[in-house]
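Down below are the structures I want you to see.
Presented sequentially are two complexes of subunit A, the first with subunit B as partner and the second with subunit C.
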Partner chain A sequence: MKAKWLVLLAAAGLALGAGAAQGAPREVRIGFIAPLTGPFAQVGKDQVNGFILYLEQNKYKMGPLTVKFTAEDYEAKPALAVAKAQKLIQRDKVHVFLGGLLAPTGYALAPVADQFKRPYLSPAPAGEDQTQRKRHKYYARLSFTSGQCQHALGDWAYEQGHRRIATVGADYAFGYESVGGFQRGFEDKGGKVVAKVWPRLGTVDFGPYLPLIPRNVDAVYALMVGPMSLAFPKQFKAAGFKMALLGGTTSTDEFILPNMGDEAIGYVTTSHYSAAIDTPKNHAFVKDFQKRFGKMASYYAENSFTAALYINEALKRTGYNPDKIEVWLEELKKIRVDAIRGPVYLDSYANPVQNCYIRKVERVPGDRNNLGVKANSLWNVVIKTYPAVSQFWNYKPEDFLKHPVYDKDFPPCKFCGQ
Partner chain B sequence: MAVFNLKNFIELSFNSLSYAALLFLLASGLSIIFGVMRIVNLAHAAFFLLGGYMALTVYRVIGTAFWTLPVAMVVGGGVVALLSMFIERYFLRRLGQDTVAQVLVTVGFAFILFDSNIIIWTGDNYMLHRPWPLDDSTVIGGISFPRYRAFMILAAVLVWAILYFAIERTRAGAIVRATVDDPQMARGIGINTNIVQMSIYGLGVFLSAMGGVVGGSFLGVSPGIDFQVLPYAFAVVIIGGLGSLTGAVVGSIVVGFMDNFGTALFPELSYFALFAPMAIILAVKPTGLFGRG
Partner chain C sequence: MSRLSSELKQVFWVIAAFGALGAVTPFFDDYTQTIITRALVFAIMAMSLDILMGYTGLRSMGHGVYFAFGAYSTAILVTKVKGVGLLTLFGAGLGLSFLVAAFLGFLAIRAVGVYFLMITLSFSMVVWGLAYRWHTVTGGDNGIAGILPPPLFGISLQNPVAFFYFTLGVFLICLGLLYLLVKSPFGKTLVGIREGEARMKMLGYNTWLHKYLAFVISGTFAGISGVLWAMLNRFIAPTDVELVTSVEALLMVALGGPATLVGPAIGAAIVMFLRYWVSTFIERWYLILGATYIITILYAREGILGKVEGLLAWRKAGREAGAAIPRVQKQPEEIRT
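Showing the complex of A and B:
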């Protein structure tokens, strides 16, 4: 008798459960905040387009859920990004939002996520402390920290036989953190950074800075962004510098690369992505992106594509219930994804552990791998892969975090002037 | 602070001089326009950048070779000059001598051009073609002199010589000088000062846009360069004096050297190193070193 009751109860429970399932959400709402007008518009469009490419390939479906995607323009103004995030959360009722390009926007958006308990997945802002000393619960980064891969390039530079290097880095946080990572990776091996030059952000005439670069070094490491990336190698070569030129993520990224000239050939830079990664997955991605948007795929586009992949994967493993935010966000922080860029998983500080690619700029005759990219284009050809690089490089997180965040004066320039 | 020796002192001086040359191409037109029309042309740097974008289109149409730079300079400068004359005729001329209105209208055009550049040429960053003979550097006494920088200096000297000759030695120059000195009297003796003013506005903008073509294969062409160089153009004419060609030469050299040396020696104070002397000159001689009272 008792058993019968139990069966009945169970049946009722199942029926209720089914009812709940029927009332379960049929859509997942995702917001994306990018600079869609103004000087950063092209990069912002790359960001959004990477996400859209994923959605289109999956017919705007994540499992049984229909994706409702809203892109918002923040004109590269952090304050406006915050307003747009609030709009997305309160008016559009998004389950998750992504966005931002430069570090200040990342720092501005993360508190909004915690305030509204709505996840913010960062597809670009690289400020180190966001996944180090100033973390937020509802925040995860799916791109990279400024210094992450630069450590690997420092290591590689030493392996190449370089012993004395001068750095030239844009005079702001992303520059300090990138140069800092490179310097640490290089000096840990025994190399010496003998001069650090800091051109003002946006410098396009390097006339005042070039004479400050010592000529008796084995290589120069340059961390440039945007228009600086175009002007620097040209003026560097024209000023008669013959030594090897190394650089950071943005020094030759695929946003700037198509507009560079022969002066860039031989430039060795590092990033967690390159359009020239030779895997079937990346070939398909570059080909599809080129076909759909008429541009070489950049890391901005790949980051967004991977973010979409991540959201889908986390929802899939938690039964496609986007309303259970804490559940799928926890899952998202645990899973390992086979992204376009290679295998990725998040460390316990919510930053990706991933491959770092050492890339050399080469002009490849014809249509490389028949991907439809313009013939004779410049490519970031991968010459070495450092697998599973963490933001903490070879250090234990606890030890790494004892130091201040990379700055103009940290690591100190012990060998400057030697 | 970096240790200085004779070698990088010479390098830095050469870089300063070439930057001064580019500033002269940019600012001489600004100065001339003010001298003749009493208009503070805040759209001047926008025309500079627009010249660079025009050259980009010219290169896309005619391709690039070692002879295409002069073509781009003339065509790029010319098209922008025509546009500016249209603006002068239908917008600026109606304002008379209303300074506030002039400032607002020219700033307005600067913003319109900023956005329309992005619409037409996207926000991508470009570097204009540079003819191969100018791409390398010439080594003299162990010091590398970039040839493109030498070219910029040469271009500025040529422009200065042509302007000087045209203003001081030709009939057209005499008409312009008459319009500057006493527009009413000039009209009285049958000079159409409207045409003179429109031509001068076109000429000043031509110089700026041509400077933009020259600068485009050095600084690159990307949104924001316009507002980045504008304060420098004003520093040049404020130090040298608005309306004076000699002032533009001296102002460019002073600004070019102060900015380069200031930035190299005191990177933290680089803006201060440039704008503090400007403030001092303004305090001592409000019309600038060579300005008209």
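Showing the complex of A and C:
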């Protein structure tokens, strides 16, 4: 795969090199660090594929510049990601690098960006503090913070009439931050989170945890990741829980959804993206992605695609001079992009302000909107859109930042046991 | 006399090799420099394990433990204490890994063989769990970022070349100390225990104490590599100290050649080269690593350096005997003609 692009690029490079004029740079070099082997390999491929889709649609061109794209594998190990970032910067002389999947990689890569003064655009790692209390100059996030859309879901849950909710969240930072965001959004309105259960990351047998969920609640919020997402709704239903099931971004993302069954129907989750957003732009994206890679487009792919869009837009507005890194990076932080997911712009903390979609899992008969996706698939049908949600929800950034970052014990569970 | 001179010769070659490495490295590009530095850091870890595995015959899967304590103590001190010096970092890292090894030694040394392997394996799991779950201190799975190495006598170690020389220096000190250790009567006793513990016991050696001390020394040196690793990567997360790290150290020793000290360093260099260099060309570089291990196990059980030494000794023996053998072989030819 990689060899093929390299050959193509080399050919293109030679052809261009022959007629190269002096002066303005002819290429922009972009590096992408993704987990291409190991347990996260499939997600990593989605990430890279999203970027490649953009490049292929634009014939590896950004304006007059040829894109030299290099993907590196980091096996989902943050230390290796640091080394690969150094390789991309020092050997491939990239102008900008993207990558990482889980939050630790984001935290590991941002200091590298500052050290070498090369922008790092994060297409997935959702660690809140990276755009809050631990910011870096050469860093910008183009995805979301863990809690961002969860605030909106908390708000929505209260509006649906839920008053008492129990949470079940994967026991690690992304889980704490997501549950924290949901709890704040919900309790600010007047709801009560009455129990918080933390299954170990990677749990597939929820037997020990299900009895901890009180049965006298109106709804359960579940933040699941990977295989947990598949197992939880099944066992939840099998254990006889009848109340509404709510969930975080990864609980029913398009990466998991095709593998789920009827137990997921009615599951309400939130994200900054859904393959079921009904805009012509998204229809085209889902169709093209399905055609090129044979899969339903996930938010991982959309994030990478938007990142490419962002880079192109920033370069365009600064005269396609990728060498003037500070100039186009500043521009990138200011612009508003009409992305697949909807309008996006960065706040002054370099995190996107964007729509948050409340989505309900439904089985749609036939090929929904003729996008080429398998018939009778499950879709995250958008039931409500919260426009322009910031990572600080409806708080002022200064007020929001006075609190510690969301953790197992923050926000405190004031109503636990009631 | 001749044994001593051959040993001196070995020492000379090793010093020459590392001298050459020191002279050549600044001319490589930055990325290659960091790969060499990484290899040196892991070489310290592999050498320290060699004391236990190669010389004493105790295969440990718990070397990630001391690595973890070295790395996390450095990370926490650098990020929490302003203006902390290198001496404090090494003192804390070494002290902690010493204490931990001294404690774990009591639990582990009673066992041998696969039981020792299992006990030490459980240590690695416990420490990984600690790094992962003790959120307030270790940052959980988010890890700790921004571990900038403090200056050494006013020289900034944030420059890759400076950090390389610093690592090389620490590596050579470790190599020297460990070399003295294995050549000392204590080291010979360890080999004796490896070859026949019952016999050593009968000769009046306190084999438990010897093994225990080897365990503690080995663990303490592994702590050094942790301290260096944290400063080199400027970042530490539980994925750096998981079981894989311990297993990898074990494989580095097996690959390079147990009970050779320099062998494990070579093993470390090979693994690091594959991981950071070859992996940029071949995504499935683990296949190459796996093939390397299989070839080593099939054709060079004594490891790469062990094999090379064996071949050299065989050639030398052949050369010494060579003066006599041809004459013996010539005779029948003369008869034939």
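In this section, the second predicted complex is superposed on the first by the 396 of 418 C-alpha atoms of A that agree within 3 Å, B and C clash if a C-alpha of one lies under 4 Å from a C-alpha of the other, contacts with A are read in each partner's own complex, and residues count from 1 in each chain.
Simple rule for what comes next: a residue touches a chain if its C-beta (ideal position, glycine included) is under 8 Å from a C-beta of that chain, and two chains touch if they have at least 3 such contacts.
Treat the numbers as computed from the prediction; the structure is a model and nothing was measured.
Trainee: Using the superposition on subunit A, decide if subunit B and subunit C clash or fit.
Mentor: fit
Trainee: Which partner does A:R91 reach: the first (subunit B), the second (subunit C), both, or neither?
Mentor: Only subunit C; A:R91 stays clear of subunit B.
Trainee: Look at A:R363 in the shared chain and tell me whether it touches subunit B only, subunit C only, both, or neither; answer first, second, both or neither.
Mentor: In the superposition, A:R363 touches no partner, neither subunit B nor subunit C.
Trainee: If we overlay the two complexes on their shared chain A, which of subunit B and subunit C does A:G417 touch? Say first, second, both or neither.
Mentor: first
Trainee: So if I take every C-alpha atom in subunit B and every one in subunit C after superposing, what is the smallest distance between them in Å?
Mentor: Closest C-alpha pair between subunit B and subunit C: 7 Å.
Trainee: Starting from the residues of subunit A touching subunit B, keep only those that also touch subunit C in the other complex, and list them.
Mentor: 37.
Trainee: So in the complex, which bits of subunit A are touching subunit C?
Mentor: 2, 36-37, 72-73, 76-80, 82-84, 86-87, 90-91, 102-104, 107-108, 110-112, 115, 127, 129, 134, 172-173, 407-408
Trainee: Would you pull the subunit C residues touching subunit A in the complex into a rising list?
Mentor: Within the complex, subunit C touches subunit A at residues 29-31, 34-35, 38, 132, 135, 140-143, 145-146, 233-237, 239-240, 275-276, 279-280, 283-284, 286.
Trainee: Any idea which subunit A residues touch subunit B in the complex?
Mentor: That would be residues 37-43, 171, 195, 198, 200, 202, 204-205, 207-212, 226-227, 229-231, 234-235, 238-240, 255-256, 259-261, 417 of subunit A.
Trainee: For subunit B, which residues are in contact with subunit A within the complex?
Mentor: It comes out as residues 2-3, 8-9, 11-12, 15-16, 18-19, 22, 115, 118, 122-127, 130, 135-137, 139, 144, 146-149, 218-220, 222-225, 228, 259-264, 267, 270.
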